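In this document, chain identifiers A, B, C and D correspond to the written order of the chains, with residue numbering beginning at 1 in each.
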């Protein structure tokens, strides 16, 4: 390990076995979260374009790039297999001087041996052992347990909003750099105790990467619909957390085969009684290509939403959402009518 | 008296249905509506100013179009324009068919089955092939839109996808000696190519073609060539506003 | 008599320099040039028809602009429009500076040092922020282009990048109560944001602003706010054609 | 190995150790080459869009997708690390039924152990041994030797056109499925014996992936300029061919670090007396991001060209090329004048 001091902030570009960083006393920082929780994320994107990033590049990559230019982060762990090559190009060719880039791969074929090798590499870098990591896994699992409860309350008790559900799941990539403080935030969600959402609300699964829309959830609720399944964000929270650290990172679906994701989606769609899917695709992202695949593999109706820059839902996107909600409600009503007659 | 209103990005279309079921159709620029015919209320919603519109007090208003969410008409039943167009299309065709609406910015396709929208698709974020693209190209070629719409034979091969940059490609071809009719046909054909994947999502050959784009004869030709049985309603550009009045009817029935 | 010609995608600009060095400037639609004033020769090149242009027989012709490659004027010295604009800019500034040309489709920046183009950059493939984008937006907002160019204060935040879809965003903001001046300023500011990275490639603060876009007062304001010392030549939209005549001079010297 | 018959055509999406396929008596087919050498590549792209691929996807990915839909190829080896994730998404989620996808990784950190593991995996699939592959390497090296000669003649003797240079290099990904027939084609280039190009011609290095322009080389020549260095295509031809198969695939720069590419470019730029670079970027490709990196790392002037659909150079691209050529010529003239005085 190259002279890491405790509390040093370590950037990550996507979910990695963050237990290793916590074991080293360093603090993981998900660059995506810094970007999107900024007061003016759009200014951050403008800055990246000003610095010369092509406009037809994913907004998440632009956001992370600007963030790296302006923070005190000197080490970034980047996922070089299992995420996107735009991030790799950015980390490789555009890092400011003095920032070190540590590559991490999720081996495509889910090889136990190769994944262990990759994890060992990061452990060696930070000078920690498997046992240290298992200890930090226990610490994080305490928090994950609450996240899973919140997730269950979202779809089963219907007493947690889509927004709170997303907040809990998405912050599990880095535990906000402080698992115990994060836990307090999560407990606040548990304590909200709201009335269950009405049964008439449509139940959506949101497939794909996190959106850049700032008002998706309230808008959906105003139309009588909710997201009760965040496919990728739920995976960030390691739903299979009970197993060991290696298994946990092998059963994490996102970086591996598309069909592993499909299987997970099919299972959760049944369990959660979904009415349909919203497949969110980020402009210029390779996951756009999977839209066709989802349409072939999944039987529920799918609405594809494309997002580019950060901000409120635009009129075109609202039209799509309205139509999808109104169409599904009318179908449902007709089905119920037919059932009654 | 019932009023339907379709608030598009450039034009607002009105349909006024009198109690004896006579229909009056007209339009105005969207900016005029915003500037002259709306009362903004403290709660952020708006009221149509029937007086300045030269209308009598109207009982029921149904609204559709992009503007419907922004304008938040307090007096209106608000309907998605895709569903409105589908309802409009059901006036002229029953059973199972595709509705193709070509508007100024977006092209929308809906699969209709037994009076119900089963699924739909809208074009992607890039506006190549939109109505605005056709307008721009007509302007560059110096022909009226109606004339552009009449050419389909021997289309020039256009590869530029951007609605703006296609201009320089067209000018270039003109200089190379490609004829105006070929270029007009090329513009139409490239638009057809853009729309086709949306239609082919469903194996369906009955098609109702609506919106301002339905006046495009070349598009009709390409659709028929692709073995679609195409129905175009009268006044296809008013299909959305008429459809939203239809939905009002249905709503009342229930 | 020497003639300069700048063949753009929509307009052709002419500069006729008489032997006593008087300059006459005028323009015409590009399609008119193609249809009425060219003789197509068997070898694929073209000849300008001086007679139909109402011109006397001209000795030397220099051509620039997008059309220069397609038209292949057999009588002309052909010059890249970036170099032509740089040469035009050198008429008003010496030493080291940036040339910023905002045309209808493209924005071009050149770094000039001691009478020589050292490097240049052109905007990317997406036409958001081009002159055509500004024209479209003026049309949507229902203001003349000159008026659009006058607003810079408190710009509305526009996030849509596509020149066509920005329309619906603008209409939406209008309905939300954002004022016309703010929207106009927003259109100008988003264009400035698009151009800035091209300028910032070189650490240079002297700038000659040319092309039709140089009439955009808001753009001038933003450039000055970003600490550029901006020079705008007289008749900036004729800078390219005047520059290509300048290059003819240089060519003759050598 | 799953019942491969000799002569079966095996699709590849990028350069891989093709020796393995030849060792198995199967025939490698570079899907990119099938696409771009088609009489109507644009029709192939239209077809991909018709089938539902998003328009803002790289043309190469679209082309390969259509090709796969219409050929008799039942096995595709796809590069899952070291190339782009768009290809991975395409191969994963959109392959027609009955087509098998075999992943191959170039390990990011150039680990000998991991690369050997990857190559062994492909060998096992085809049921061949290292010795068989070394034999086919000897067979291919015969052809590579001629390619390297053609490349040398391009920049040193100046007697080979940019077009012929590119033809020789680019076809080294699959040896056109028939190394001996390819060799005959290459000998024809050797036999052309044209006069050297004039010294006044500018000498360009073309960086980045192959272009989709059909008339770049004749146009450049008409302006008095030539490409005498094809960065990536030259790498496809394995310029370090003398070493063993593993070494060969470790010294191949393209799939590894950006800085490895930079080093190669700097060396060749000096050797080949380049006047400037053209950096070709495919719209929506992650390599677009590297443009900034090249501008920081390389000292010669760089012209960035963006290409989207297949076809002739458009007016905007010609303007860029003209300006670049005229600018460099005028700089050169001025330098020579200054030298003379």
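Definition applied: a residue touches a chain if its C-beta (ideal position, glycine included) is under 8 Å from a C-beta of that chain, and two chains touch if they have at least 3 such contacts.
Please read all numbers here as calculations on a predicted model, not as lab measurements.
Asks: Greatest Cα-centroid separation from chain A: which chain?
Replies: Following the centroid criterion, the farthest chain would be C.
Asks: Please pick, from B-D, A-B or A-C, the pair whose interface repeats that of C-D, with more than half of the contact pairs identical by residue number.
Replies: Duplicate interface of C-D: A-B.
Asks: Between chain A and chain D, what's the gap in Å when you average each chain's C-alpha atoms?
Replies: 35
Asks: Measure off the straight-line distance from the CA centroid of chain B to the CA centroid of chain D, and report it in whole Å.
Replies: The mean C-alpha positions of chain B and chain D differ by 45 Å.
Asks: If a residue has to touch 2 or more other chains to count, which residues of chain B qualify?
Replies: Answer for chain B, listing residues that touch two or more other chains: 66-67, 69-70, 105, 124-126, 165, 168, 172.
Asks: Residues of chain A touching 2+ other chains?
Replies: Within chain A, the residues that touch at least two other chains are 51-52, 54, 56, 283, 308, 315-316.
Asks: Which word fits the touch map of the chains here: line, ring, star, complete or other?
Replies: Topology of the interface graph: complete, with all chain pairs in contact.
Asks: Contact residues on chain B for chain D in the complex?
Replies: Touching chain D: residues 124-126, 128, 157, 159-161, 165, 168-169, 172, 193, 196-197, 200-201 of chain B.
Asks: Report the residues of chain A in contact with chain D in the complex, numbered from low to high.
Replies: 51-54, 56-57, 61, 80-81, 83-86, 88-90, 92-94, 103, 105, 107-109, 114, 117, 257-259, 281, 283-284, 286-294
Asks: In the complex of these two chains, what residues of chain B are touching chain A?
Replies: That would be residues 66-67, 69-70, 79-83, 105-106, 116-122, 124-125 of chain B.
Asks: For a test of understanding, state which residues of chain A touch chain B in their complex under the given definition.
Replies: On the chain A side, the touching residues are 283, 301, 304, 306, 308, 315-316, 318-320, 322-323, 326-327, 330-331, 334.
Asks: Quick one: which bits of chain D touch chain B in the complex? Just the residue numbers, please.
Replies: Those in contact with chain B are residues 42, 46, 49-52, 54-56, 308-311, 314-316.
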